[in-house]
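Next come two complexes, and both contain chain A; in the first it sits with chain B, in the second with chain C.
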Partner chain A sequence: MKRNERVGENLNQALHRVMESHEDVYLIGEDVLDPYGGAFNITKGLSDRFADRVLTTPISENAILGVANGLALTGNKPIAEMMFGDFITLAFDQIVNFSAKSVSMYGATHPMHLVVRCPVGGRRGYGPTHSQSPQKHFLGVPDLHLFELSPFHDNATVLEGMVELGKPCIFFEDKVLYTERRHQGGPVGDLFSLEFTGEDPFPVARLFIEDTAPELVIVAPGGLAQRAVDAARELFLQHEIACEIYVPSALYPFDAQLLAEPVARAGRVCVVEDAPPGGSWGAEVAHQLYSTCWDSLRAPVRLVHSADSVIPTALHLERDVLVSSESLELALKELAQ
Partner chain B sequence: MTLTEQAPSGTAPAPLRDGDLTSLLMIRHFEWKLLDLFAEGKLNGTTHTCLGQEYIPVSLNPLLSAGDFLFSNHRGHGHYLARFADPAGLLAEITGREGAVCGGVGGSQHIFRDTYLSTGIQGESLPVAAGAALHFKRAGLPHVAVVYIGDGTWGEGSVYEALNIARLWELPLLVVVENNGISQTTPGSVNMAGTIAGRARAFDVDHHRVTSNDVRHIRAELAPLIDRVRHQHMPLVVEFDTVRLGPHSKGDDTRPAREIEAARARDWYGALRAEDPERFDRLDQEQRQLIAGVAADVLARPLVAGETA
Partner chain C sequence: MIEITVPKLNNNDAQYDLVEWLAEDGATVTKDDDLLTLETSKAAEDLVSEHDGVLHQAVEAGEQVPPGAVIGRIFADAAARDAFLAAAEAAAATRTDTSGEGADFVLTAQARTQAAEFGVTEEELRSLGKRIIKGSDVEALVARRRASEEIPSNRLELSQHQRAIGAVVTESHRTVPASFTVVRMRVDAAEAATKELSARSGTAIGLPAVLITQLAALRAAFPAFFATYDEDGYALLAEQSHVGVTVDLGNGLYIPVVRDADRLSAVEVAEQLEDFRFSALRGNFRGSELMGAAITLSLNNDEDVLLTQPIIFPGQTCMVSLGGVQTGLELAADGGVVAARYVHVGLAFDHRVVNGREAVQFLQALKSALQAPELERTAEPAATAG
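So, the complex of A and B:
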């Protein structure tokens, strides 16, 4: 691991590695060729090295997924890139009705090795159709697996895990994370120790304060991790409220069993996400926590999400809509009382 | 470019082989039997028969290899039977009985066997077939991806995304259009501007229109064209001007009687019988009995055990 490596560089290296070690891995998407290497440079260097397996396409998200499905059907392991995660709605049919259903609708299990990469989230001023977090729209589709990029997980492991899963995967990548530094060891936010719990290749990152019993548990996917750390740090330093943060790699299917014991111990839990309210990933996690931890909960599961609004372009307006470390800190403080 | 249609030769064609006539009749009796079973309340759900269109997959079958990937659609019984001659497996699938080719999960519209796959979403298979064709080309395999669509499928954007890519990347993709002039209940005149040929031309994709329903003529016409798809890796749209004799699914035929009569006048069934009534009646009777026996056998089987719950 390079010192001070950015998350995007780590992901780029993971793609290099998986294409190097698997001759049946294809990369397909818009503007993915060198020297551009994708709108966020995540595919940089790939077409120079693997010219015959890096396919740049017309602006046709539905066909990108269709071609990827055809490659998967004939035994390959395609990785499809959506330039912006918002555009995945144009490929919804191919993902839901073909990629996912082909695994089991023909009476036997047919492996479909397919990864769809989706840069998501706001905080870049791209406006309502280039800033969304569409994870919720893909929840609860049989055989469709959802994952999220994090600053703690090694993407080489996560990507290899998705490529080999045999079921279609969507990888949601908070685009702000690309330029942030990966965690390099040592305390996170000068305060939290990091360890992994659960099984490879998709373990859950656990951030905790040594020798302190947490009063709150925060469940945050990768895109929210830094904001959760910032909020929890302030809460501890200003108000002596200790939080434990769990950052899962796998969003769906989600196994809340790993959280059952810590949530039961703290009695208070907050699930945070970037999507607007209504039928969201957070609600799914909350439902599981109610089922597993009902007797131990001392307060309702607190959901923190963006406002029920489109995501405005202007920086100050966008800030009001999206989850910030400040708004999260306020919610956590309320929950602790 | 649009390939001009070759006029059938003036000489009388050689007699249709028994195997081809048998295949045509198997499909015809299979579809008739399905409609009977529906009427008797013995079938669940829905089904789309290919009555009148049987000659299309029967014509194509020997022009395709076992390695060619066939993508079928909602009206796919003929496509399946022409390739596999497996009425029992298909009927078991449709009725959820033991021996079902896809465990009763897929039913009429969702079949996957070897390199044959059907699905019930219009136009969805076209980009998927382009992906399979890409695999064949890159792997150096002499296979073609064949996708059956209807005239109504041209309303879907996926068709155009896939045609663009197939031409751009020079993929061995054969698009077979079964243009029966009607999309469920909506006639082509109400849902298509321009023509299929014009749409193919816009993408610089070859288009060939077949007006004959004679298996022998069709094969002679298409053999060199499919060979070009296979070896020169150029996509091709073959549009069959065909007829749907039955309803879209069960009892939903809203066409005026004279239109249905006009469709029946174009049926291959009477024309082939007239060529050699004695042989035709013999094979017709054989297939009628075969399908009746298959239906009796399959419907007596236990329901398929669910494995996906």
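So, the complex of A and C:
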């Protein structure tokens, strides 16, 4: 296979482009300066090109967001990096009580052009405090928008969309994706065709098997996409159960309208995520699907999460806690019956 | 010959990029010469030769390669390299028709099993023109192959039921020396009577119901017509007037039996015929309903049918057939011309038991009964014992 750029390279290039085209975009975070370029190399080359707009900070998430909020409030477009998404809890107050509320609490709508980048997810053996998926903690905050990195979407478009939205955004980036190849056109693996549905800059990637009516719909954010593809591939090759996979870019607010027709047609849907069970994004999506597709559902919406547990460091123990393509395949097989 | 394999460079990546070859294909290299550059998600690394020899590149620059993969070879000299390449080329040539590697389609497990079971070749699978092949695709392919190979397109498979009918007709022609007589019968009176009775009883009564009752009543006067021929020179007379009647609504020909038809009214017979039609539609007759007839009435009373010559059921001596009702002009007794409604009633009879003269008498008796129908007959106590 010829090489495609890696997802991390694509994200790095997107940051270069957005800083180049917007003089009011700042980047702020820990260890983001060259030559280190951030813990995952995503900010590589930025401080060399835009020295006065790339701010490196001590370990101080709450302060990072404080500075970013001040920049946003005064009309700039800051992008803040959490070195690990787990640390975003330290900035929870700044995000929920200041960033999100500033859009509306001053009497007139005040655009807040703020993006918070969060490397999340496990499967690297980084342990309980560097492997979490904290998306659920930010659901349902008025004016706070959540997005997720995917191997299908072009980050130049997604990042530009978030920077211009005028509402604070959190971008969850599954760290495993950084080193994966980005998918650029053509079929996904040997089975799935890819097309986009919904509107730019945050369309939903739709993966489907041509000429085959799907029996199941899988809703999977970017970090889960490859595991969903692997599980769906096995399910089809071994049992001829066809799945259609939807990979949204925007997690919240989530618009289930795009899914209503395909879910109603298949009658069975599975929502998969890396967070532990309870008050999760999957539950939010399931609720919307119950509201829109109640009469057409042939089985309860199936949620697949990680185990109700902290995430172990040892790889073999971590594997049992997080969603794997095998555990997902098992859940899908049950759902299909 | 030494194989150059991809070393494991980190734990994160399943594949590395072969960025470029630093030594040319076929070049002579010495130990510690740079051979190629591999790039992981973290870093680029050069691989050096561990031996002296002639290089063969097995993978092109730009490809992704997993740890452990063979990406090149070092040969002792150019001759050894040439010999290896020639052998590899020959092996590839013989492999092309059987190898499934590099196939441009994906098979599901079901498709793979089906293909193996029916000996479907890769060429046949490719001819489907599909990228993804399912079990049902292979099934369809096998069905098409079977259809084109084994069954000519003009061959129609006969149902079990039709084969059974064929066997009976063949047996009849083979064993029964049949003769045949037809008589024309006026039905104006019978039609008027059935119309009046239908209105009164709420049951649709047709000529067949009337004919069945009249036919059944003839057993006392014509016992030989209700009999079974015995090879030893006897006719075994039936003791009950069970009348078989043909019913065919497109799902096969059936001959259910109106039992003791001589004790039934036309209304009761008409109701039974109605039940028979439902059973014929659904094909759910019980075996007992189709057995025990002493004589059979073949109904061919569709419009424009003059008459159909029936066979004689092996085990019976006669079959009566009813044609369609005709309208014509007749001379009345006073010399005037009147419209007349009539049918042709035929009688096929076993000449070993019945002769033409009796056949005519039988038909004349039927004609008299039909022309002055006595439809109100109620069930009488059995006239004969048994």
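FYI, the second predicted complex is superposed on the first by the 334 of 337 C-alpha atoms of A that agree within 3 Å, B and C clash if a C-alpha of one lies under 4 Å from a C-alpha of the other, contacts with A are read in each partner's own complex, and residues count from 1 in each chain.
Quick note on the criterion: contacts are C-beta pairs under 8 Å (C-beta built on N, C-alpha and C of every residue); 3 or more make two chains touch, one makes a residue touch a chain.
Since the model is a prediction, treat every value here as computed from it, not as a measurement.
Taken together through their common chain A, the two structures put chain B and chain C side by side without a clash.
Panel annotation: after superposition on the shared chain A, the angle at the CA centre of chain A between chain B and chain C (CA centres) reads 150 degrees, nearest 10.
Look at A:D52: by the touch rule set out above, it reaches chain B but stays clear of chain C.
Residue contacts after overlaying the shared chain place A:M105 against chain B, while chain C stays out of touching range. Among chain B and chain C, the chain that touches a larger number of residues in chain A is B.
Of the two partner chains, neither chain B nor chain C is touched by A:Q184. Applying the stated contact rule after C-alpha superposition, one finds that A:I209 touches chain C and leaves chain B untouched.
Least inter-chain distance for chain B and chain C in the combined superposition, rounded to the nearest angstrom, is 32, based on C-alpha atoms.
On chain C, the positions that touch chain A within their shared complex are 12-13, 17, 41-42, 62-64, 106-110, 130-132, 134-135.
Within the complex formed with chain C, the chain A residues making contact are 1-3, 6, 8, 124, 178-179, 181, 187, 190-191, 209-212, 236-240. Chain B makes touch with chain A in their complex at residues 69, 100-106, 110-112, 117, 119, 121, 124, 126-136, 138, 145, 157-158, 161-162, 164-165, 168, 307-308. Listing the residues of chain A that touch chain B in their complex gives 52, 55, 57-58, 60, 62-63, 65-76, 78, 93-94, 97-98, 101-102, 104-108, 110.
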